[in-house]
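Going in written order, the chains are labelled A, B, C, D, E and F, and every chain counts its residues from 1.
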Amino acid sequence: DFLKALDEVKPAFGAAINTLELCRPGGMLPCGEAFDKNLKTAKTLVEQVKKSDRTPLMTCLFEGPSSTGKTALAASIAIESGFPFIKIVSAENLIGLQEPTKVSMIAKVFEDAYKSPLSIIILDDIERLIEYVRIGPRFSNLILQTLLVLVKKNPPKGKKLLVIGTTSEKDILESMRLVESFNIHMEVPSLKPSGMKEVLLALNFFAPTDIDAALSALGQEMPIKRLLMLIEMAAQGKEGEDAIAILKGHKKIDIHYFYDCLNDIESSKSF
Amino acid sequence: DFLKALDEVKPAFGAAINTLELCRPGGMLPCGEAFDKNLKTAKTLVEQVKKSDRTPLMTCLFEGPSSTGKTALAASIAIESGFPFIKIVSAENLIGLQEPTKVSMIAKVFEDAYKSPLSIIILDDIERLIEYVRIGPRFSNLILQTLLVLVKKNPPKGKKLLVIGTTSEKDILESMRLVESFNIHMEVPSLKPSGMKEVLLALNFFAPTDIDAALSALGQEMPIKRLLMLIEMAAQGKEGEDAIAILKGHKKIDIHYFYDCLNDIESSKSF
Amino acid sequence: DFLKALDEVKPAFGAAINTLELCRPGGMLPCGEAFDKNLKTAKTLVEQVKKSDRTPLMTCLFEGPSSTGKTALAASIAIESGFPFIKIVSAENLIGLQEPTKVSMIAKVFEDAYKSPLSIIILDDIERLIEYVRIGPRFSNLILQTLLVLVKKNPPKGKKLLVIGTTSEKDILESMRLVESFNIHMEVPSLKPSGMKEVLLALNFFAPTDIDAALSALGQEMPIKRLLMLIEMAAQGKEGEDAIAILKGHKKIDIHYFYDCLNDIESSKSF
Amino acid sequence: DFLKALDEVKPAFGAAINTLELCRPGGMLPCGEAFDKNLKTAKTLVEQVKKSDRTPLMTCLFEGPSSTGKTALAASIAIESGFPFIKIVSAENLIGLQEPTKVSMIAKVFEDAYKSPLSIIILDDIERLIEYVRIGPRFSNLILQTLLVLVKKNPPKGKKLLVIGTTSEKDILESMRLVESFNIHMEVPSLKPSGMKEVLLALNFFAPTDIDAALSALGQEMPIKRLLMLIEMAAQGKEGEDAIAILKGHKKIDIHYFYDCLNDIESSKSF
Amino acid sequence: DFLKALDEVKPAFGAAINTLELCRPGGMLPCGEAFDKNLKTAKTLVEQVKKSDRTPLMTCLFEGPSSTGKTALAASIAIESGFPFIKIVSAENLIGLQEPTKVSMIAKVFEDAYKSPLSIIILDDIERLIEYVRIGPRFSNLILQTLLVLVKKNPPKGKKLLVIGTTSEKDILESMRLVESFNIHMEVPSLKPSGMKEVLLALNFFAPTDIDAALSALGQEMPIKRLLMLIEMAAQGKEGEDAIAILKGHKKIDIHYFYDCLNDIESSKSF
Amino acid sequence: DFLKALDEVKPAFGAAINTLELCRPGGMLPCGEAFDKNLKTAKTLVEQVKKSDRTPLMTCLFEGPSSTGKTALAASIAIESGFPFIKIVSAENLIGLQEPTKVSMIAKVFEDAYKSPLSIIILDDIERLIEYVRIGPRFSNLILQTLLVLVKKNPPKGKKLLVIGTTSEKDILESMRLVESFNIHMEVPSLKPSGMKEVLLALNFFAPTDIDAALSALGQEMPIKRLLMLIEMAAQGKEGEDAIAILKGHKKIDIHYFYDCLNDIESSKSF
């Protein structure tokens, strides 16, 4: 089981990229300045790791509310880096394993990276990796201590490593001294109206005359993953038959049905 | 023991439906607007999962006080979906198992679902699945972390999954970040007088002239399961001999004996 | 050891009744209205389980201070039900066993019950079954979760089950959601003066002229088990030689020695 | 190791009495009214167990500060009962054993007792048996639950059992519901001046003219074990050579050296 | 490993004395009245154990701040007792062992002592033996309970035992009831100026004319171990070459360099 | 695995020095008075261990904020001591090992040191060695107790040992009594402007005319490791192509790009 698990986390390089592609199923859409700035900073980091010999280890933490696109952003940067070794360490591949096994698997990913000249490791949803829950609070100190050490451990001479972490629990990671263990910190916020507009325009599912109405219904803030789900719901249409036509551009989303869907979801939120 | 347990949770499809049928032993009765609205929303979700390719995973949480019919509602939706794979994950089938075994069994249900084009998984009484108790508080973090991951994990390409959770402990699940892990939230309330009236009329156990008296004795709120038990008690009659006649419609419930039963149960409650 | 333990909890039916008989070593004495009312309600429940097909599971919790006769009452109801399967789950038979073993044994009792058309299971002194202690507080969550599930689990089609629980710790069981898991709740109180009088008269150990003096010495409240112990002490007489004569009715309890015994016991209480 | 341990706790009857004799190395001295009253009550209990068939189980708890003679009193009662089965359950024989082993050993003592027509079991220093420490607080819930059950479990038909517990931590045992599990409670206090005088006179180590001086130096309260140690220290004399002469009655304790010893010990106490 | 460890704690008698000699590497210097008084009281205890038959067990606890010479004092008393069995139980010999192993080893030392007519056991740094740390607080309850029992357990007939404990954490041991388990308590304080003067004079490392200057620089209190370290540092001299000359008495400590060293150490303390 | 791990921590002497060299990858730069004073004090300690026979064990703790150069300083002192045995105990070599294994490995390093006439052991990042995290708080008491004992344990006759600890968590170590277990304490602070200037001048990456501007942008305090990373980022230049030219001295850092980098990093900090 353990070996099988190890195998799953150790895909061929191509496979690793495929796995990462699954982290942005909706693709990457333009969505505002904050996103652009983050992307630019991240790319500078990739360059520095590639070129500088004196900072062989750079570490960067993406922080933001749930569903704001942290994992997709990290995956995009990794994919576009062109580095020969990229891996994502995600709780999805660690389900039900015991703490020491998880530690071995995480450590293994770093050891493998130390053998490649240029590597990127994504530590996705760190609170999930350390099995954190606010009640208690409880978490795996074994895994936390492993991360605290690995995030600061230099790769061997001549090897270079970029570690990208993602989290929605900055405060708690801070009190675990994990935030300060990363060199660079980047905030990934919810979309503001201008960002939502970019998304709506890019998708082109609304009649141009409905865009402003839709935006003013959406309010001041929404995380991108939630916005995309909402649009998908609305795109089904009342009878659940509109989706294909809208995707092909033959039809637009019915703005009133969009209001209904938004309503369902909003009441869910205040539930 | 473990394998036997696995077998029990992995029934043939027909069997799974049979198991679900047991979740609504009293059948489904009309019981007011709130119920109708929930049913409609749930059906839209089923449709969206069936038709949309871009939201292959939808997750929905039913929340409400004890005995309000959450499990029966979830079972009904699953049965009526017509999906080829439907399973209920319930603490009843996990009695006495160790945490890692429970995790394996839960994960197995999801893995099986990932092989079917259309699946529904009911996570029934999540507080019981995670072995939660308010004193402490205590719960299985191993199982909780598993649910936190599984509820957000996309099925593989081309597969679609609807996860329905039920709970009477929304607040505690919220502080475990489990509520926000579900896309949609639905409230399943106790019956109001109008809902109770629909139930009484549908059962047709009372003389028409007694219905209003019965309703005004019942007060402002009662969960459906409790109401059905009370009516069953009253239907036995003082001598315990009336039940069959009432079921066949030859006799009606004696309203005074009904008051007695209600009294016994109410004093139980304020006990 | 485990198998031996299992054997001990799985006696032949006659044996089970014998075991239950041991729960009322002093026999059942008339002891006031509260007792009569409880007995009547309990018998109605037994009838309902026997006759109704739509409430195959009824669950009832006896709550009251230490020594008020909860176990004896539950045993009496079970014995007199005439049901083919009756079992008591008691901490006495679980001494020193590990939590998972206890869980297996408890679950086994329920599984056995599911095979009988009519069954009664007594969960005696639930706080002891779950190994509860106020300091901490500590308890076995494994066993608690098992009870939470079993107490709500319907027997299979055509089988019927009455579960009777007893406890002196209602508040704590309430905060564990165990109280609300039972359908019906019954209070078993300490004796009031009128109840004590019934007991004294039934035993006929006092001279008729001493009864009122004895009662007024006893005060406003005493649990029945304690009262019976006190009378037994007094019945020994100063020299420890009166017991047989009193039992045979040849002699009565010396009221002054009775005062002495009461004194010893009372000072114990305020100790 | 476990078997050897079992052997040690399972001595022949004579041996058990020998072990109990070691609990009163200084013998029993007259030491005041409280002691006399306790002894009398205890003897009544012994008689009741012997004669009454309806209270086959009596349980009595001795409570008092450290060193007040609880263990010696319990041992004396057991020795003088003449019961065929007497055993002391003491932490001294359980050193370093694991909780489940301790539980087995304690349960074994009760099972053995159930085979004898008349038995006494001393549960010595219950806080030590349950491994209690105030910080935390910590204790063995496994052992506590065992005691809670055993102390209330009736011996089989025709067998009779007296359980005597000793403790210096009444409050904590109370909040564990262990105090209320005993029928009778007896307080074993520190000596008052009159009790100390009885001890001094009985020992006859002081010159008659020094007795009052010694008493007024001793103050209002001292536990008997501490008083006996103090006298022993004083009896050594300054040069450590007087002990034998004093024992033989050829010499008396030097009252000034007695003051010195008392001083050393008192400053220890306020340390 | 365990057997090897056992071997190490079970040295030949001579060896045990050698081990104890290592506890006073700097030898014992005269250092004030408090020290003299402690020594005298301790010697009386040794005599009493040797001569009295009625107090076969005496127990004494040395308490004081870190580095005040508790271990050296205990070792000196043991060495000079001339008892055939002397042993020190110290955390140094228990590094990395598991709790049950430590318990076995400690119990073994007591069992061995019970075979010798006259024994001394030193329980050094009890807080370290029980693995105490203030945060939590945490400690080994297994070891604590063992000590609580062993410190009060009488040796068998005809054997005598003196137990000496040392600790810097009196308060915590008190709340564990370990302090009251010892008969006698002795305070081992930091040196006062008069004590320091005795030490400086005895060492004879300072020019007579510098003694008072040195003393007034030292302030009101310093533990002896710290004072000896400071003098050793100063004795190296600025170039690190003076030590031998000073030891041989050819040279004295440079008082200004002494001030520098004192400064380094003091700032360390207020750090 | 354990043996392999042991092997890795037990390198040949040369290897140990190589490992230590990796602790100062950026080399040691002059960086202000505080650093100079620390170095001097540390060297005195090395001399004292070498020469004094009466203080065979000296222990010194370096404390300061994250990234201030504690590990590099400790490594430098060890390397330059010329002692035949030098070892660093670091969490990097203990990843994922169990507590008892870590304890064995740490104890092994000390045992090996006891065989060498002159040894230095660095306990790097003690909070990481004891697996400390502020939430809880949690830590390995097993490892902590081991350190508490080892740091005070004298090497055998004729052997000498200097132990250097580093930590960023002085307060917590203090409440664990670990700080007071070290003889000497040294503070390693962040750089002040004068220290930063020394670093900038030594590196010679800025145009002389830019130094003051750079300094005033840097503010009042920055840890050395962070400063070196910032300069490295700036040295890449906007296009990531300047690094080599700057290293060779052909080019200087663009002060405006330096401002940008500083900005990125500072916002990270206040993030």
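Keep this in mind: contacts are C-beta pairs under 8 Å (C-beta built on N, C-alpha and C of every residue); 3 or more make two chains touch, one makes a residue touch a chain.
This one's a predicted model, so the numbers in the text were calculated from it and none came from an experiment.
Among the remaining chains, the Cα-based centre furthest from that of subunit C is the centre of F.
Taking the mean of the C-alpha atoms as each chain's centre, subunit C and subunit F sit 68 Å apart.
Here the CA centre of subunit B is 59 Å from the CA centre of subunit F.
For subunit A, no residue reaches two or more other chains under the stated contact definition. All the chains close into one ring, and from subunit A toward subunit F their sequence is A, F, E, D, C, B.
On subunit B, the positions that touch subunit A within their shared complex are 41, 44, 47-48, 50-52, 54-55, 63, 100, 103-104, 107, 137, 139, 141-142, 144-146, 148-150, 153-154, 170, 172, 175-177, 180, 183-187.
Those residues of subunit E that touch subunit F in the complex are listed here as 22, 25-26, 66, 91-92, 95-96, 98, 128, 131, 133-136, 138, 228-229, 232-233, 235-236, 240-241, 243, 264-265, 268-269, 271.
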